[in-house]
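The chains carry the letters A, B, C, D, E and F, assigned in the order they are written, with residues numbered from 1 in each.
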């Protein structure tokens, strides 16, 4: 597993802002709180959590074109955005935040494989900070809306061997590629195993899941460590105290 | 498991055209062969297989708006289109078809849960027909480009119990929802387990996978049965014999 | 004239759902009832009827690209959608359905010429079923909101001779091409005569109109015959009787 | 019929540029010659004629929004653009202009009913000027590529009576509305009769066609008169004489 | 400086409609009053002024493609539209018009350099007419909402010499190109000096500004002259007197 | 003036990558070299430099929506992207880089006023690094393609006083706002002075320009200082030496 690093408070406007690094992969994860919920949820009294993932054009080895300029969001972007949203909604009780939306933004500054798993793992830390902010602002109906921690890691079969947290060079030639989103309670949130142009056995799946769960254990540890420090910024109400 | 039905040759222009029914879910799956490949693959001498999934507006209980009119393809549509493409690319050797593209189109005429798994399962049958067509047209460098059969099924936890091939009514209240794409060689192509607002254990995952593999066995049997019949249409070259 | 066939209740979610076949041309026509009307009509107390026409990518001889993927609706699609809407609004008193919208969707499953005339002719049958549904649901202020039947047929000059209901092979080389939308009261709703790269005389126009009216007579007969059967599904309120 | 006025050479860059006025309706019609043809026609050795129609936002009584800002061309715009193109292609032999495209642009400066018929009638005059320009530039393989003149007029039933060339106030409450595109050889190019929420008899159709043909006679006369004058600008090659 | 000409009342639907000509450059500038303001300004009790600039396709030497057909507004169009809006908002007190919007449309009929400066200069005249209209309609809370006149002119360095009001032939080879928006009170509203592939000194900037201010003096004179005439149309309320 | 900081080599894939900070404003500026030039420049033998500016959604005080999701680039984004491109093209001889494109990307990570001037100032440093990279890769026909340094600063009138490098809090209530792009040779590249709802005198313009030039002097000093250090990464060819 590559070195993991979290920088909380990387930017100051959003309630939560974390730069997460999985080796050379660097993703800025922010959690912003905005008033209101999407139309289909209005009047429910419950909040919503949404996520958007994007790559800066120069994040990849070859510059890629900007989706805003192309005028449409690509399929891969859509897919990862939805995955991040589902993953984080697994740990938060949205009934506790009223009709507000937590918008998670994961912008990849530098890509070297595993951007989606880094994004989920970093976004959880940003979400914890956003929840701390909401608590300080007295906007929660329950002070502990989070039921568990969330982390994600990629595993794969490269040259016939199972590998954890694949950098781009390995990922691009992996026979099987799996992303596992897990909780620190030992359960799973999302398992996406894909064999591009190949297939895999149940035995392989089990080995990959074992390795992934070992990997997420380390991520939970790293999250706990960085979250042991104080909220990186000024909390509402603190100024007056 | 709901009754499964395949109608080969449902329409006549594409090389493969199959109406697949999983209970009340009905998807028209076609496989069209077009000359040329996407730009990034040009000059490789190898073909490509791409897939597009869509819903007719009136396929759902409440009419949904048309993506062409909205001017953009939604995230769910993107995600499923990509899944279908990856799943079918697992069974075909694209080096055998030259620089041609097989375009899979899965259009949902009526939706009642499991549209993506029905689409994959039906698309495989359409792909077999398209391959038969290509073989008759003498366009294959290897007469057997398919290495296995592909089928997919959804499984889930509803009211705390594992369920196979969920109709809409169950799917919409499932705690865990998993789509499994498998081969008739007993291996897996894609496993997508999702817990919307919940999580699941490894033990549950195992139970769901067992059930899914039992389900896909039945689907492979149904595919074999319907494919035992002749190609439903006129093959190139046959007219002259 | 090619064989005409209507299959009512082809799908079950919309209030009206008809598969219409003009020879090899097959169009799925649905009529869905949705609450509310477009903004410019709000507060009028009157309903609206709108129509959308589309082709499945594999409906044509050569696969055509999907308009949702291209991100815009083409001119031909727009033109036909508007024609279908105007044609059906000629037969219904929209004051009787309150501020609701009847959405007509005509999706071409297989194209072999005359898709727009088949669409109009089939959509009328779907509209009758939707009206039956609204009546059973007690949503009409007048039980007979339809004043006449609507059908459409194409006529043209091919190789210097007038022809009725042109299949694709004839349509593509017709000198003059006309679409006539008529009522069973003997009147006309829409006449669109077009000479691509040529012109035609009043005498020719008259001959084409005569032939078209003869053709629509047969279509009205076929509509009456299929509509003599019961509503193909469960009507609201019937369950309780 | 409202007063008709043509101003040739209204702008100077395009080969043909005509401001046409039908009463208060004013449309700027230009014909520009550009090299090349659309992809599907390349290699045919034949040219193409295409047309685009648009309204300035302030052309209508109430300002309408700009289609470029909305990001999509509306159905009505699409429909009229296609009608203008078909109408003018009826009078020109495109084999004579090589692989070049004549782009007709009809921009409505002020709208008061009959914008599409004014556009066609004015565009013909602009096309004649463009042909004169091409002839002077020695770009025609046949010096007389035009086989007839084209004009269009609207007719309708207002308050139960047939009316010619309807201004907006009448057009908006017409029971039947018909646009007729004719040639000065007495033939028809396009007949589009529409009854919004009503129907019409063959006898009414005949009366409307009679009136329309009388109207187009006057338009052909006005076209001939204005075209009797010299080309309004400098022709290529003339400078050297 | 090229001859300047204003034609007020060029079209009749908008409250202000002016054709402005700077030599061969001709721009139709209209000012339309519409109810309501953009969302972010709602409830403020203050109005808004917005502007949109566009070129007809045949306005340029070579026909350019239509932005509505391309489906997006280009960068240059965006930039000029914003400049026109800012320039005119400098002279009007938007608190006096209630929650209404003045929409300025500047459509270039013929382009020969300086289209943006002609647009601003002509739009001011259209704005004065629109204000006269609003005053007659009794819609102003202050009868004199305009604090000064606005005009704009381009200056540049061509072949090493300063030039005023550059036509296209000079503009396209200018080393430095500056657009100056000024008021008749001697102040500046906007200064945009650009050196494409070059730079310029403060001394050059001063010379260009001097020349520009001399140029705008002449434009203010021309505006005053044409505005000395009566409102070109019927004012609300006048009919009854 | 706020503290200025450059971090070269902030990311490693692009040839130049600089994080620039003007106080709390932080912009990631990258310069990527890609093969080929836009169509209109092909065959000229000369290169091109293009720029794109964007804001991360959470960069602003209130989260703003993502332009890729909205499907279109806004006017402000377009305007600033074009400004950055023009500014940097003033210092580089594009004939020296062959038919290649230097793509400048300026992504605002955190916004606190002056994002466009920080972007230009940082992009120049990234451009120098990209040129060093091109030189090492032996891709330049002239080893010194840059003729001067480029920096930009904002100046404005706040509460009646001239201010340099305005943070958001001052910028949002500035009466006059000017962006000045200058060279270290003492010349100007671009001057954009804007008075939103106000105007300014020549005397004020002069004072603002004086202050801006003093500001850019400091920026040139800071650029020189940071560029005195070695290229932050591995240059092509160095590995072999």
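Quick notes on this structure:
One rule holds for everything that comes next: contacts are C-beta pairs under 8 Å (C-beta built on N, C-alpha and C of every residue); 3 or more make two chains touch, one makes a residue touch a chain.
Bear in mind that the values here come from a model prediction, so they are computed numbers and not experimental data.
Between chain A and chain E, the least number of touching-chain steps is 2.
Taking the mean of the C-alpha atoms as each chain's centre, chain B and chain D sit 49 Å apart.
Chain centres here are Cα averages; for chain B and chain E they lie 58 Å apart. One simple way to say how far apart two chains are is to compare their mean CA positions; for chain A and chain F this gives 31 Å. For chain E, the set of residues touching two or more other chains reads 71-73.
Chains in contact form a single ring whose order, set by starting at chain A and proceeding to chain F, is A, F, E, D, C, B.
Only residues 72-76, 78-79, 81-82, 86, 89-90, 148, 178, 183, 185-202, 205, 209, 213 of chain B touch chain A when the two sit together in their complex.
Those residues of chain B whose C-beta lies close enough to touch chain C in the complex are 11-14, 17, 24, 26, 28, 30, 32, 34, 52, 54, 56-63, 66-73, 77, 103, 105, 107, 109-111.
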